[in-house]
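A quick write-up on the structure given underneath.
So that you can tell them apart, the chains are marked A, B and C in the order they are listed, and the count of residues begins at 1 in each.
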Amino acid sequence: MRHLMNPLDFSVEELDKLFALADDIEKDPTKYAHKCDGRILATCFYEPSTRTRLSFESAMTRLGGRVIGFSDAASSSASKGESVSDTIRIISCYADICAMRHPKEGAPMVAAEKSLIPVINAGDGGHQHPTQTLTDLQTIRSLHGDLNNFTIGLCGDLKFGRTVHSLINALVRYEGIKFIFISPEELKIPDYVTDMLREKGIPFQEVIRLEDVMPELDLLYMTRVQKERFFNEEDYVRLKDFYVLTPEKMELAKPDMLVLHPLPRVNEISVEIDDDPRAAYFKQAQFGVYVRMALILTLLGLA
Amino acid sequence: MRHLMNPLDFSVEELDKLFALADDIEKDPTKYAHKCDGRILATCFYEPSTRTRLSFESAMTRLGGRVIGFSDAASSSASKGESVSDTIRIISCYADICAMRHPKEGAPMVAAEKSLIPVINAGDGGHQHPTQTLTDLQTIRSLHGDLNNFTIGLCGDLKFGRTVHSLINALVRYEGIKFIFISPEELKIPDYVTDMLREKGIPFQEVIRLEDVMPELDLLYMTRVQKERFFNEEDYVRLKDFYVLTPEKMELAKPDMLVLHPLPRVNEISVEIDDDPRAAYFKQAQFGVYVRMALILTLLGLA
Amino acid sequence: MRHLMNPLDFSVEELDKLFALADDIEKDPTKYAHKCDGRILATCFYEPSTRTRLSFESAMTRLGGRVIGFSDAASSSASKGESVSDTIRIISCYADICAMRHPKEGAPMVAAEKSLIPVINAGDGGHQHPTQTLTDLQTIRSLHGDLNNFTIGLCGDLKFGRTVHSLINALVRYEGIKFIFISPEELKIPDYVTDMLREKGIPFQEVIRLEDVMPELDLLYMTRVQKERFFNEEDYVRLKDFYVLTPEKMELAKPDMLVLHPLPRVNEISVEIDDDPRAAYFKQAQFGVYVRMALILTLLGLA
């Protein structure tokens, strides 16, 4: 039995198989419509995350399986003082696979140790959110055509952004990738990341303004810049527009550059860009369903 | 692709077809038990409404479809600042049809504009609640036998009652209907409604006491009179009993008069009337399921 | 039509049939995987209880049926002042069977009176929780091999523990059972229970320390001792360890003694005991699913 705690739990070869399966599901969904007949997914969400929860529920449902679960801690037994280890032992009696979201780092790992069924980490605090990373990879792979040989700009809050760190860690296993980090000083990528890139000999660049590097990018991964992160109002006002993607900035980009975003977006991507064929962020949500379908099949041994 | 935002979105002829389909579902439910196999309904409820949500979920389930969703805003991405437009784009990747309830008027309309799947307005603030109106119409049609030629009394809060206004707007498209409005002065039907009726030459009457018109009615549509609506306690005490339906008042009614109520009821219909064969309000809930089944089939192009 | 309000609603013979059905479901689950195709269970939980709710949902799902419902009162129509009687009339239009949890004693009984579908009491305040009792009985029956002829220790809060009282009431209908009550003075078993046992001539014993009786027990039913229940801190500190099950105490027990617990546990059973083959509390959760499957089939007339 196998769990998914970290996007690096799968080797590049295993991911290749998973993504190929997601491709096949996309091409021929009816072939998979009954693969999970009689199987139950438990969605154990100790904090709300509608997008992620519904993506899992849609995935399991499209495989013919059923879903039970809870969507916040208040309606869980945690409020009665039960440990995550005990809860998963019980859930193991009720379901065949579990997706767990928890505000505490490592909680899904603790659960996995006692679980009798596969556990998927659906986000644990600021730590890991592996199915988001798998979704990002499959989106790049499907729309850009390859997980090797491109220049990717990561823009916004690169200091606290969990999805950004996970994506970098996942991408360094591929070839020919150049990273460009676009962020204010306050939110720049942590040193341990750039140290790691240097050590591996992977090229990267750090800039403040998105416009300066726009023409070079094959992929642009946007994230939200929250006002609270800034030390002073003045800096925020001076810098915030650098991290808002507008049609003007898109004019500087390559005609086939792709824009990704883990969503939800607030205002960091202008809605005028939604109809630009380079906007890939809503398609990402669709790839997220296929990837989760492939993951459920794989962990249940039905792939 | 088509949405349902307003009960008037469908023409009288289209409603006839919808209601005939609901009839057939009622008669032969097993014929429809697998019509939505493999389809997913998303119930996006930004405010709780158990009755409406469960009615939709029961409808989709009885068609063989599956349901995903959320039952209040706290567990939605709205709490992270996501717009309804973005949410529906994502939901479009997860589901095949969406029922949306929102406290803000017009929110489902905004969603429908960006949606890739049919959206049903399941109530938007004090604005519209079209599936309640379709339920009311189908109840009248099924139990009274015709949507033309009757006298209907509308009783209680006619000023703020959303369901009352929608029902009137829907009924003026039929023939030979007389409206009797029964309410305290403070809660009487708005002028724009009576102006519209005058303009169309549709007969109506306004009275204070239910007893005064009871013998004339073919249908009585009850609503709740809330104490908070009154200007002073004195008026409330003096008037409140006029708007409580009792067995005594039912004695004045025709032997085949039907009592409807959008529910939930508090105390405006005595529970002693529940077993009166003229009480149609619980049957309404059943018709609500058939109508929603017919609506889902119609919007999915499966009718 | 039949409801389940109280564990004593079924005679010993009827329970035998129910448990035999649960046995068969355990042995050959695929035989039952489509028994409830097209049927809907409504889980109406007016207070959260994830374990019980998910157990019912898993049970119905494993029978091929579907589930709709709500998981707390806030998202129910109760917040709009609707009575339980009205709610169940509506739910009767949406579902084929209902499991109701309510903080008020007797609420499910009131619902059952007006319901058109079978109602299962899934816990009403401190009153009854019949499916927990059926689960306890089936666990004893399956793992001990018989519901007659054993010595059972009930340990912890015997004054307020609803599950303990229900289990005693259920067990007195069998033969050759001896009860040993292990609790602090403050939380000892109520007089009306011991009076009842005396009257029926059923042997029992009351002790303060678990160690004193451990070697005699065939079954040990643990419950939680809450600090708040004690009159003073001093007593709590002096006594609390008597009611924590440790590997040391387990050494005093028979090699085939079984440990049960209604769960959730906090710290009254050391986690080191989880891997002891005598630990039956997680298996209980599994039996709970089989028993609820058997109950749903029985009440729907599909057994």
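Rule of thumb we're sticking to: contacts are C-beta pairs under 8 Å (C-beta built on N, C-alpha and C of every residue); 3 or more make two chains touch, one makes a residue touch a chain.
Note that the coordinates shown come from a computational prediction; the quantities given were computed from them, not determined experimentally.
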Look at both sides of the chain A and chain B contact and report whether the same residue positions are involved, with over half shared, or different ones.
different
To bring the C-alpha trace of chain A onto its twin chain C, one rotates it, in degrees rounded to the nearest 5, by 120
Centroid spacing, where centroids are CA-atom means, of chain A and chain B in whole angstrom:
41
Can you list every residue of chain B that touches 2 or more other chains, as numbers and ranges?
none
Within their complex, chain A touches chain B through residues 30, 33, 48, 50-51, 54-55, 57-58, 61-62, 67, 71-72, 263-266, 271, 274, 282, 285-286, 288-289
Touching chain B in the complex: which residues of chain C?
38, 40, 42, 66, 68-70, 74-77, 79-82, 85-86, 89-91, 93-95
